[in-house]
Amino acid sequence: MEKKTLRNFLICGLILLIVSLFPLVSNNFIIRFGTDILMFAIIASAWNIIGGYTGYASFGNVVFFGIGAYITAVLMEKAGMHFGIAYLAAGGGAALFAVLIGLPVLRLRGHYFAIATLGVAEAMKALVQNLEITEGNSGIYLPMLDLSIQGQYYFFFYMMLGTLVMTLLVTYLILNAKLGYSLIAIREDEDAANSVGINTTLSKTIAFALSGLFTGLAGSIYAYQQAFLKPGPAFTVHTTVKMIVMAVFGGMGKLFGPLIGAFGIEIISETLSNYFLVAHTLFFGTVVILAIVFTPKGLIDLITQRKFGISYFVENIREHRI
Amino acid sequence: MAILEGKNVTKRFAGLVAVGDVDFYLKQGEILGLIGPNGAGKTTLVNVIAGVYAPSDGDVYFKGKQISGKKPYQIGRMGISRTFQVVRPFPGMTVKENAAVGAMYGAGGKNKSAKEAIRRAEEILEFVGLADQMNKGADQLNVASRKRLEMAKAMAMDPELVLFDEVMAGLNFSEIDQAVELIKKIRESGMTILIIEHVMRAIKNVCDRIFVLHHGEKIADGAVEEVLNDENVIKAYLGKRYKELTH
Amino acid sequence: MLLQILINGILKGGLYALMAIGMSLIWGVMDIINIAHGSFIMLGAFTTYWLFTIFGIDPFVSLVFSMAILFVLGYGVQRYVINYVIRASAFITLILAFGIEIFINNLALVSWSADVRKVKVAYGAANFSLGNWVTIPTIRLVAFLLVIVISLIFFYILNRTNLGRSIRATSQDLDAARLVGVDVARTYAITFGLGVGAAGAAGTLWSILFPISPMMGGILTLKSFVVVIIGGLGSMLGPIIGGLALGVTEAFGTNWFGSTYANLISFTILVLVLIIRPKGILGGAD
C-alpha cells in the first residue's frame, strides 16, 4: 500500500478510536446528540453515493429510511424477531425496494428523477398511513431494548457508529474499484459513459441499492431507538432536506463531505436552538441560505483550497451569479 | 475478410431519411474514409454502427455477427470503439482517469482490475503523446490534446475496430500531420479504422479507400484519387470545398 | 351524484391549476423548481386573512393586494437572493429554495402561531343548485371564475406584451437574450414575481374556501408538482389541464376509497406519469 494511503488510514483509525471512546466520558444528552449526528452522517453519506458520485440527486431517499424503520418495527413487534435480524432485513428490504423502484425511475434524468423519487417517498408515506400492519397513523410500538438506560445510550451510539464506518468503508472501496469510476463517468457524461462500455443501468442500480441499503439500516436503528414510529416523521421530506443540505454543505462527491456536513449542520442547529429558543429553525433556514450562496461547493472545498479569505466567497458568487 | 459489414443500412427519423440503403464493408487492417457534405448522414451512420441508434432497416455485422440493435456499451465491449465529433471527456476526472475508464470497460476490460486498467491507460497515453499531461484535469486541455484524449479513450478500450468522427476538426496543419501519424501508428498496432473527415489533407494521407455519403445515400466508393475526382462527388461538394478537393 | 363529484373536482382542480401556473412559469422559464412555492401560497392566504380580520377587506377584493405584495416579495427574493446562485447547478438553486421555504414557514409560525384559521365571510354559506343533481357553493364558483380570469391575464402578459417576449426569450436562450439587450436579471426577477404573485392569488382563494395555517404550504407544493408534471411544461394550458385532472381524480378517488387514500392516489399518479410519459399530457419543449 502506498505511503500516503497508509498514513490516511492511520489517521482515520485514530479518529475512529477517539470517537469510540467519546461516550465513555460524556453525559447521556451529549451521547444522544452524537448519535443523531452519526445517523445523519450515515444517511447523508448514503445519499452521496447516488447523488454526489453518480449525479442522480434523489429527493426521496427518506423512503429507504422509513422502509427500514417500518420493517424493523413490524418484524420486531408483530413477528417477535430479534433486532439483529430486523436490522439486516431492514437493510435488505430497503435495498430491494431501491432496485425495484430504480428500474423505472433511474431512466429519468435531472429534475424528473428528483421529482419521481419525491413522489415515491410521498406515495409510500401515504401507503403506510393506510396499511393495517403498520398501524397507520396511530403509530406502531417497538419492544424496548433490554439494557440499562446507560447501556441503551451506548448501544445506539455504537450501532450508528458501526453502520457509518461500514457505509464509508464500502464507499471508499467502490471509489477505488471499477464501479466507482463508472459512477463518476455516468455523472460527468452518461452518453459518453455508455459508449465507453459502461452498463450504466447496472451501475446506477447498484449505486441506488447501496444508497438505500445504508439509509435503511439507519432507519432501523432509529426505529428501535424511538420505540414508537409514525408515518409522518418516518417519511418526512424534512429528513431528505437535511441529508441533502448536509451532503452539499460538507461537500458533495467527497468521501467525508457528508460527515463533516452533518456535524456542522447539527452543531449549528443546536447552538441556534440554545440561543434562540423560539426561532431557531428560522435562523437555521437563514444559515442554509447563506451557506449555499457563499460555499456552494461545500466545506471540504473551502478547507482543501486553503483560501480562507473573502476572495474565495467573492469568486464563488461571481461564478454563479446571473 | 470483412471485419465490419453493413447491408442496406437505413435510418429514418420521423419521416426524414438520414441514412438510406447504404452498403459498406471494411477489411481487417484497412483505413476507410467516410466523407460527404455536412448533413450527409455520416455521424448518423457511425451512431448506427456504435449502437446509439438501431437501424430502421438493414443490418450491421461485426466479424460475422449481427450487431444492429445492440446497446452502445455492448458494442463497445465487443471490440468497437468510437470518438465523438464534439469531444466528450469526463471533466471531473484527470486525463489518466479518463483513459482508465476506457481500459476498465472496453473489450479488454473483463480481465483487468482497476489497477491494471490504470497501468494500461498510462501506456495508451504514452502512445498518443499525452503522457506529460496525465494528471491534469481533463477540462484543462487545449483542443488538440482533447482530441488526443478522445482517441486515447477509444484506444484504451482495446478495440479491433475504431470509429473516428472528425478528429481533425479545429487542428492546424502541423497538428493534422501529427494526428495522421498517430492514426497510421494505430493501424500498425493491428486495428481497423473507419474515419469520418472533412479535412482532405488528412483523407489523402491516411485512407486506403473512401466512400461518400450525400443526403444519406452512398454516391461513390473506391480508391482515394478515383473518388475525389468522381463527378458526382465534386458536384456534391461544389461551392463548399471545391478548391480543397482540386488542390 | 356523479355529476356533483365531477363538479366538485373541477372547482377544486381550478384552484390547483392556479397554484401550478406560478410554479410552471418559474420552472419553464428559469429551470428553477421552486420548493418554496407552497410557502408563498401560504403567505397569500395569510395576507388575505389579516386584511380581512384587521381591516375588514373583503377577501375577493384582497386578491389584488395579495398578488401585488407577493409579486414584490418574489421579485426581491429572485433579484437579491436566487440570482446569486442561478448559474450554479440547478441543484444548488434547489437547496436554496429549501432554505427559503424553511425560513418563510418558520417566520410565519413564529409570528402567527400554529393555530388553524379560517376566513369566514358572511356569504360563505351561499350556494345555488342546478336542478336536483348539483349544488355549487357560490364562493367556489366565483373562485373558479377568478382562476380563469387570472389565467387569461397571465396568458395575455406572456404572449402579447413586450415583457412576455423578453421572458420567453430569456427562457429559450439566456445569453442570446442578453445579447439583444434584455436585462436578464430584471426579467428573471419579474418572472419569479409573476409566478409568486400567482401563488399569492391561489393562496387568497384557498383561504376563502379552506382553513389555513403556517404549515399548509408543504403539501400544496407537492400537489403543484403533480399538476405541473401531469399537464406538462411549456404552455399555460398544461397546468390548467393538470389541475383539472388532479382535482377530478382526487374527487372521485376520495369518494370511492376514502379521503386517506387521496394522497396515495395523487403521488402514485405522479410517479406513473413520470415513468410512462414524463412530458405530461401537453408537454412540449423542455
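Letters A, B and C mark the chains as written, and numbering starts fresh at 1 in each.
Here, a residue touches a chain if its C-beta (ideal position, glycine included) is under 8 Å from a C-beta of that chain, and two chains touch if they have at least 3 such contacts.
The structure displayed is predicted, hence computed values, not measured ones.
Enquirer: What is the chain whose Cα centre is as far as it gets from that of chain B?
Expert: C
Enquirer: Kindly work out which chain lies most centrally, taking the average of its C-alpha atoms as its position.
Expert: Per-chain C-alpha centroids compared to the overall one single out A.
Enquirer: If you average the CA atoms of chain A and of chain B, how many Å lie between those two points?
Expert: So the centroids are 43 Å from each other.
Enquirer: Distance between chain B and chain C based on Cα centroids, please, to the nearest Å.
Expert: The computed centroid separation for chain B versus chain C comes out at 50 Å.
Enquirer: When the centre of a chain is set as the mean of its C-alpha atoms, what distance in Å lies between chain A and chain C?
Expert: Between these chains, centre-to-centre, one finds 31 Å.
Enquirer: Which residues, counting only chain A, touch chain B once they are in their complex?
Expert: It is residues 176-178, 181-182, 184-185, 187-189, 191-200, 253 of chain A that touch chain B.
Enquirer: Using the touch definition from the top, list the residues of chain A that touch chain C in their complex.
Expert: My answer: residues 57, 104-105, 107-108, 110-112, 114-116, 118-120, 122-123, 125-127, 129-130, 136, 237, 241, 244-245, 248, 278-279, 281-282, 284-289, 292-293, 296, 317, 319-322.
Enquirer: Give every residue of chain B touching chain A within the complex, in rising order.
Expert: 50, 52, 71-73, 76-77, 81-82, 84, 88-93, 97, 100-102, 104-107, 109, 113-114, 117, 153, 157
Enquirer: So in the complex, the part of chain C that touches chain A is made up of which residues?
Expert: 27, 31, 33, 81, 83-88, 90-92, 94-96, 98-104, 106-107, 109-110, 184-185, 188, 218, 222, 225-226, 229, 260-261, 263-264, 267-268, 270-271, 274-275, 278
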